[in-house]
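Let me give you the structure first, and then I'll get to my questions.
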């Protein structure tokens, strides 16, 4: 099932540079692993913001929650979730 | 270039049924033509709402505006637009 | 899967009484059928408002959307949806 | 009487790990005790958020307030309360 | 139990004068009856607005809801409800 | 004259316990003195929140402001003020 | 006593021109009479909006409410009221 | 030209008392000088809030900005600005 | 002086086509005349919305207000105004 | 392509003066370089706020994002972006 997830990152101004760098590196590694597994199906940067729009493809709500909780930046993100379903006008087979 | 477009439809309660049906049929026909042309790259229904999340792929802002203006339901929709760009962690070639 | 759905009804002031009565009767009949089927798992009135808080139990987003679209009052309701999952502190087996 | 309570947890970024762990352990213990007593009737995680939706069953407003005040995470939560009552379309005996 | 209820009246501009006058007369009669019964314990006008702040004293949420639903102006009001309880610093016996 | 005052307390998480206790003790003492003087006419806790709804009875705006400024918790509170006046349907003599 | 009142006029698009003209003429006449009486102490247009910022000088909340209710445009206005008092840095005698 | 300026002061809880006192003393001195110069034409306290409503009379936007920037409390204030102009119903010569 | 003006047009769904066409034609004619006069210095469409961002260059607030009031679409627009001034980092002579 | 960018600067109160001065100096230098290159086409201060309204002229969303990310004050700014396109009533050749 598909979920529209919007994440805005708010790192504290006083977070040490190396802590931030480590968080970002681990976030990137996990984001790429989840893309390879087909879980994080789309990932776009919102121009001008430290934020992204993502489409997740997971079997259920619990898997979505567990996946987001595993993100190293989770404690520093504002997250909104919209459940998506097939649009009657869609022509794409994978937009379930 | 990619744009994230969220559309919420608000048809007036007193719109005659046949007018609404005609609007929706023409909207669907154009939406499918634009998908075939690669302009309306993704189209999802937001579960529980008369609303969609879409990704448009057009050469510039003006083309986006003209495309949205051509939608028969345009006068009845609340539309928000976010410009998207490639995310540094993205692995997908077509997420420019 | 469980969804938290909040519905606020906004009937137009000039809706004829018999039309409103018919809508409400059909809404009630369907709401009770969906409860008997286990789909509309909880249904509470919010005190002081023409609104309810509901828990739906459906296999996926698409079924949720189709179910809500079938409600006779759907065109007159503001609806918000939250996907729910099991809370790590929950003791109740059916709070998946 | 039933109350719909939505709690969003906002732990400060600089809260020591062991303090947070202790708070969460005590919160969980009390949450489970209140569930066993029938006071915390439903408890769901909102997918993607450090937040829950709960239904409390207490004799009056004062008991609700005292119960929420006893939660170890109370100082770190945004809480909204909606009084619930029986919906005329409800078929469930315990949805008073 | 006590409830803080704020009501804002929004009469449609095209409501016939005599209909409005009848609604207001019946609203006033019921408001005064409920005050005499001790149910509508306080009633104040908010200066500069067609709105009031009220304190209701009813045995439970359901009675509050039924009471508000009986108000002739109910369909034309925005209503917010806050459950109140005794404040630890209160000296007044009837502020339960 | 009557004023509806809603106060929400936001104590910083790192306020030393004894400072908070002292603030609260002095707040309570002053709140009770002002009740005895007839200035703080009503005081209710909002269930589930560290907040209150109050009715103040003072001769003018300046006295209201000076009274609120004297509260030890004033620097830690969000305060909203609504001027109240007699409602045409009120039966209570003291709801001026 | 002084009150800061902000009024935004929202005339319905289908209000007959002569009705609107009559409302505005009567509004202007009363506004000027209240200025002459010293009640409507200041009156400014907000540039670019059909709205004004005003300072009223009346003995109490009830007089403010009755005065605003007498305005012919009252049913078509969104009104917000702020009670004002003397600022400790003010040098003007009439800013009570 | 006239500008409506609303300022809300938000001093950090951990600002040393003597720093706050110095800021306030310098703010007051400058506010009074600007009143004497006819620049800060009106200054009122909003009852119950650490906030003011002010009317500034300056030749242009740049002077307004420079004047506000000179206020010692500027870094601690939320400021909103509305350009004002003469209201067609105004009788006061100095409400340009 | 420069003003940032954002205008969103909300034409009623039942406005006759020829009335709308006439309004738009007169709006366009006046917009172009004001551009030629140097008053409406910049005019951009916001992509995807029936809205524009504009920069006006007028001697004072009153001229801005009178200019906006003359726009045929004024009654159908939501307008927000921000006074602009020279930025200390600007290199452009005409960004006063 | 043109983008409307609004930036509000929120420097932490405890940022050392010399750090803030260095940030601002580097921000100014880059802002002026980008103006000389024709990228930062317009730059205005919003009167009364530590904020600006800007028009950027860049080939695509990615360049906009990279440009904004290079600003030394980026981590301390709230930024909103609106894609602009030519308005049908515009007479200016460079308002593409």
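First chain written, first letter: the chains are A, B, C, D, E, F, G, H, I and J, and each begins at residue 1.
Keep this in mind: a contact is a pair of C-beta atoms (placed from the backbone, for glycine too) under 8 Å apart; a residue touches a chain by one contact, two chains touch by 3 or more.
In UniProt terms, the chains line up like this: A, B, C, D, E, F, G, H, I, J = Muconolactone Delta-isomerase.
This structure is a prediction, so every number in the text was calculated from the model and none was measured.
S.K.: Please state whether C-E or A-C has more C-beta contact pairs across its interface.
M.R.: The greater number of contacts lies at A-C.
S.K.: Between chain G and chain I, what's the gap in Å when you average each chain's C-alpha atoms?
M.R.: Each chain's C-alpha centroid was found; their separation is 27 Å.
S.K.: Using mean CA coordinates as chain centres, what's the gap between chain D and chain G in Å?
M.R.: That pair's centroid distance is 46 Å.
S.K.: As a quick test, compute the distance in whole Å between the mean CA positions of chain B and chain F.
M.R.: Roughly 50 Å separates the two chain centres.
S.K.: At least two partner chains per residue is the criterion; list those residues in chain I.
M.R.: Answer for chain I, listing residues that touch two or more other chains: 2-3, 45, 47-48, 61-62, 64-65, 81, 83-86.
S.K.: If you go through all the chains, which pairs of them touch?
M.R.: Here the touching pairs of chains are A-B, A-C, A-D, A-J, B-C, B-I, B-J, C-D, C-E, D-E, D-F, E-F, E-G, F-G, F-H, G-H, G-I, H-I, H-J, I-J.
S.K.: Okay, in this complex, where on chain C does chain A touch?
M.R.: Touching chain A: residues 1-3, 60-62, 64-65, 81, 83-86, 96 of chain C.
S.K.: Give the list of chain H residues in touch with chain G in this complex.
M.R.: Touching chain G: residues 2, 4, 27-28, 31-32, 35-36, 42-48, 52-53, 82-92, 95 of chain H.
S.K.: Quick check: in the complex, which residue numbers of chain H touch chain F?
M.R.: Contacts found on chain H: 11, 13, 45, 47-49.
S.K.: Once bound in the complex, which stretches of chain D touch chain F?
M.R.: The contact residues of chain D facing chain F are 3, 5, 12, 15, 61-62, 64-65, 68, 75-76, 79-81.
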